[in-house]
Structures are given as C-alpha cells and as structure tokens.
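Chains here go by letter, A, B and C, matching the order in which they are written, and residues are numbered from 1 within each.
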Amino acid sequence: MYSGFLNLIDILGTFAFAVSGVFSAMERKLDIFGILIISFVTAIGGGTIRDILVGNLPVNWLHNDTAIWVILASALLTMVFGSYFKHLNTFLFLFDALGLGLFTIVGLEIGLRKGFGAGICIALGTISACFGGVLRDVLLNKVPLIFQKEIYALACILGGIAYFMLKRTAINGDVVTGLCIFLIFSIRIIAVKFHLSLPQITVK
Amino acid sequence: MYSGFLNLIDILGTFAFAVSGVFSAMERKLDIFGILIISFVTAIGGGTIRDILVGNLPVNWLHNDTAIWVILASALLTMVFGSYFKHLNTFLFLFDALGLGLFTIVGLEIGLRKGFGAGICIALGTISACFGGVLRDVLLNKVPLIFQKEIYALACILGGIAYFMLKRTAINGDVVTGLCIFLIFSIRIIAVKFHLSLPQITVK
Amino acid sequence: MYSGFLNLIDILGTFAFAVSGVFSAMERKLDIFGILIISFVTAIGGGTIRDILVGNLPVNWLHNDTAIWVILASALLTMVFGSYFKHLNTFLFLFDALGLGLFTIVGLEIGLRKGFGAGICIALGTISACFGGVLRDVLLNKVPLIFQKEIYALACILGGIAYFMLKRTAINGDVVTGLCIFLIFSIRIIAVKFHLSLPQITVK
C-alpha cells in the first residue's frame, strides 16, 4: 500500500503531529530539549504504544530513519519559524487530519497482519493515531485533550468500521485503504467545522 | 485454577475496576470516549504493564474477548444507570476487593510460570492489581491515590507473602490460591472499615 | 566493561537516583508504599523504557537482584535518616552525575549490541539515563524537570557523540567508556556550577 502518495501523506502527517507537539511544548515554556522530546512523543508515541502492545519489538521508529529526520526537521523549523507557522494553521489542521486517517489505517493493517479480529484491529488503529497526543498531554501535565472535547478518536473508529465493511465488497484493497483515510479525514474536518463533540456524562 | 468460581470473581473484579474508572472519569467531565478509555485502562492497565515487563506479548487483553465485553458493558451500563450504581457502593467495594485479590494472585502465578523468584512474583502480582489505578490517575492528571492513603498495595504484598508461605505446607494448591485471594480481600476490607493507612514521611 | 570500578559507580548511581526519588516523593506527602514505588521508578524507569523499546524482555531489573536490594536499602535508609542526608546534598549530586554518565553509556552499548546506528544508540543511552526522572515527575503530577531547566539530557547526548568520535581513534575501548562517563559527569557539574541552561522558545 505504501505507494508514493501514501508515503507523502505519512510524511505530511508526521510533520503535522510533530509541529503540534512543538506548539504545545512552547506554551508550557519548555527548553529546547523538552520541546524536541514532546515533538517526538506526539509524532511516534501512538505507533510506539501499538508496537509494544502487539510485540513488534524493537519498535518501528528505531528502524525508521525517515520518521526521525522528518520530526527533527519539523521541530527545528517550527522553533525557528514558529511565528510564521501560526498563520498556516489551516494547512497544519489539514495535514493533522490526513495523518489521523493514515496512521489509523496503518495501525489497523498491522493488527490484521498479526491475525487479530476486527474490533482489536480498530482499537490498534485508534491507539496508533490518537495516543501520541495522549502521551504529549500527560507529559505536559494535562488531562488528555481527546478525552474531553471534539470528535477525534471517533473519526478513527468510524473509519475502521467502514474499512471492514468495505473489505467485504468487491472494491480493490488499495481503494478501500484510500477511501477510509479520506473518510476519517472528512469526519474530522466536518466535526471541527460544525463544532461537533461527544456528550459528557456527569454523575447526577 | 480457572474453575467456574475464579472465573466469576475475575468477571466481577473486572466489572468493579471498570465501574470505578467510569466514576473517576465522570468526575473529571470527560466525554463518552474519554470515559470508555479510562474504564478500560483501570480494568486492564495493571495486567498490561505486567505483560509488557515480562514479555508476554501481544498483551493478554488483545486475546481476551471476555474482558473487553465485560468492560464495555460495565462502562455503558454505568454511564446510563450511574445514579443507581451510586447506591450500590458497598457491592462495588466488595467486588473491587475481590478483584484486587484475584488479580494479585493471577499476576503472581504468571511470574512463577516465567521462573521468577518469590520477591519478583509478589511485585508482579501487586503491579497487576494496582497499576491500572495508577494509570487511571495519571491520565486524569492526579497523583495516584494508592501512593497516598489507605492500605491497598500492602494487602497485595501481604497476600503474596502468605502465598509463598502456604505453598511450603501440605495444603492443596487451589486451596492456597483461594485462601490468599480471601486474605487480600479481608485485609482490604478491614483497612477501609477501620480507616487504617500507612504513615507518611516528610522531610524534617 | 563491568570491572569492579564500573560496578561500584553503578551501585552509587542507583543509590543516588533512588534517594532523589525518595526526596521528591516525601515532598508530595506520599505514604511509605508510594515513596518506595517512586524510588524504584526513578532508579530503574529509564532502563525499563529502553528495554521495552528494544525488546529486551523480561526487562533487566526482573533479573537484577543487586539493583532491587540497593534501591530498597537506599529508600529505607533515606526514609529513616532523611534529615541527615539533606546535609549530604553535594555527595548525592556527585553520585547522581556519575550515575547519569554510567547509565548513558550502558544504554548506548546495549543499542550497539542490538546493531543500531549511532543516533539511535545515543537516544537509547539518553533515555536510559533520563527517563526514570521523567516517569518520577509524571507520577508526582509535575511537568518533567529535565524538559524545563538545567543541562541534563544534553550532557548525555554530548557524551554519546564523544563516544562515537573516540571509538574511531586507537584508544582502548574501556578507556573510551571511562572517558565518556567522566565527560558526562563533568558537563553536568559545570552546568550546575555555572547555572547553564538551554534556552526556552516561546511563541512570538
């Protein structure tokens, strides 16, 4: 599936995740080293947790030079040109939504190759896409954002369900992959555009 | 050892742990997805850390459909009927104490099968039973409760020590298992009933 | 490389890390169990994360009785004689800096034996030496200290770079190991003595 197009999305998604880490870290007034670590954790944390849970060790990023260089470059560029990037918020949001879709499907397909059922595969995809942000928030001493507002993980879960429904049709596998990435991307964008969020439940 | 009785305790313990996660998450005003994650983490977090440390990968819950359905059902039921459950506090506390006992001995016996010594096995049992709650508190941005008050982990440690002492006697293995689960259960209940807690030590 | 001298540094470093964990935990008014856990996590957390990432499972400390006893003894001694230790701050700081150097090089060499490149090995060394403190701070509900001030991780990174530069020379391997531990130790001491810290970067 790693055609040139998906490879590009992967790099753009990693870039967007890393940049979001840098901005979060700068808000907390971390030093350069702290910013770099948060940037890495945001970009590769989800995949790392997935690899550990399924036993894919050493974890992927120890073998993935591209990811490391993309993150390092993203982080350094953002530190230097941060004020300009702020004006690129829309692009970053689009990359982030694309990364969300791609990382979900990558995680899901790793689960499939390990022989897990649909539910576990969707869980692994969602963990891959969302738990980098969870680790980022824990390290920055905050309650994880995705537990509180906005539809983020739900987009991954719906995209994962669509994946298994489409797989049963005659549609070509690569097309299914592409469609589901696009579906997650679209749900995320619609959710943000229309301020959709999951209900909170409080003890009566 | 997984006779029907222990299986039932396992389900009740998982149920109690999941429900406690839901209540903690609702206090923090998380959305439905956040509540579900905290519920899962509370119920399976300790066993997951144990599995990772000893190299039991993929971790247990990826293969354990029962646990996943029990947690999902517990979480959804608690979200819907939460106000009624509040009146069942005593039952939940008893299930939780039973789960504490069972999960400790399960973890300890996994350590034994891996060939570790008594001290490490007791540590693995205590991690299995207590670290789900630690992860829950970290994700909810709190100092873990079990580091601060009440006798919780100590009950697991004492139950683990009793296990190795009783194993040297002529008592049947299954009986030892049952006795130690009951011992941890009892210590926990006595500690809460009489407000027993470990001393704090502060720098003079 | 584990000559008697390095073995001694290992024990002194573990001691210093464990003691620093105890002091941090006492400040947060944890109970005895909480203090013990924080002490363990500070001393072995970094190596544990490294072992998990590279797939060295079961993790090292499950097989390393010496480390466990050193930590247990350090923690108990500090709880009892804590007020005296406060006067030994300088010694503790020196041990801590020595441990920092040793744990970096140990982690780096584990990476080398696994066949990783220089960059990954330096990252693994830095994780081994620094992430116990990160876990300590996360469990105590603080933004990790090493992300915020003082040169700590940078000393490990510079020592790691020196390691790979010196390895290309004719200098004996054990001497390189010793020199790099000493270099990390010295950078750390100079940084604290002259209040050197990494710049913070904030959004303009």
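To be clear about the criterion, a residue touches a chain if its C-beta (ideal position, glycine included) is under 8 Å from a C-beta of that chain, and two chains touch if they have at least 3 such contacts.
Model, not experiment: these values are computed from the prediction.
Engineer: Shared numbers divided by all numbers used: is that above or below half for subunit A and subunit B, i.e. same or different?
Structural biologist: Result for this pair: different.
Engineer: How big is the rotation relating subunit B to subunit C when the fit is done on Cα atoms? Please round to the nearest 5 degrees.
Structural biologist: To bring subunit B onto subunit C, one rotates by 120 degrees.
Engineer: Could you state the distance in Å from the CA-based centre of subunit A to that of subunit B?
Structural biologist: Roughly 31 Å separates the two chain centres.
Engineer: Send over the residues of subunit C in touch with two or more other chains.
Structural biologist: Residues 52, 57, 138, 141 of subunit C touch two or more partner chains.
Engineer: Hey, which residues of subunit A end up touching subunit B in the complex?
Structural biologist: 52-55, 57, 114, 116, 119-120, 134, 138, 141-144, 146-149, 153-154, 197-204
Engineer: Mind listing the subunit B positions that touch subunit A in their complex?
Structural biologist: 23, 25-35, 37-38, 48, 52, 57-59, 62, 68, 79, 82-83, 86, 138-141
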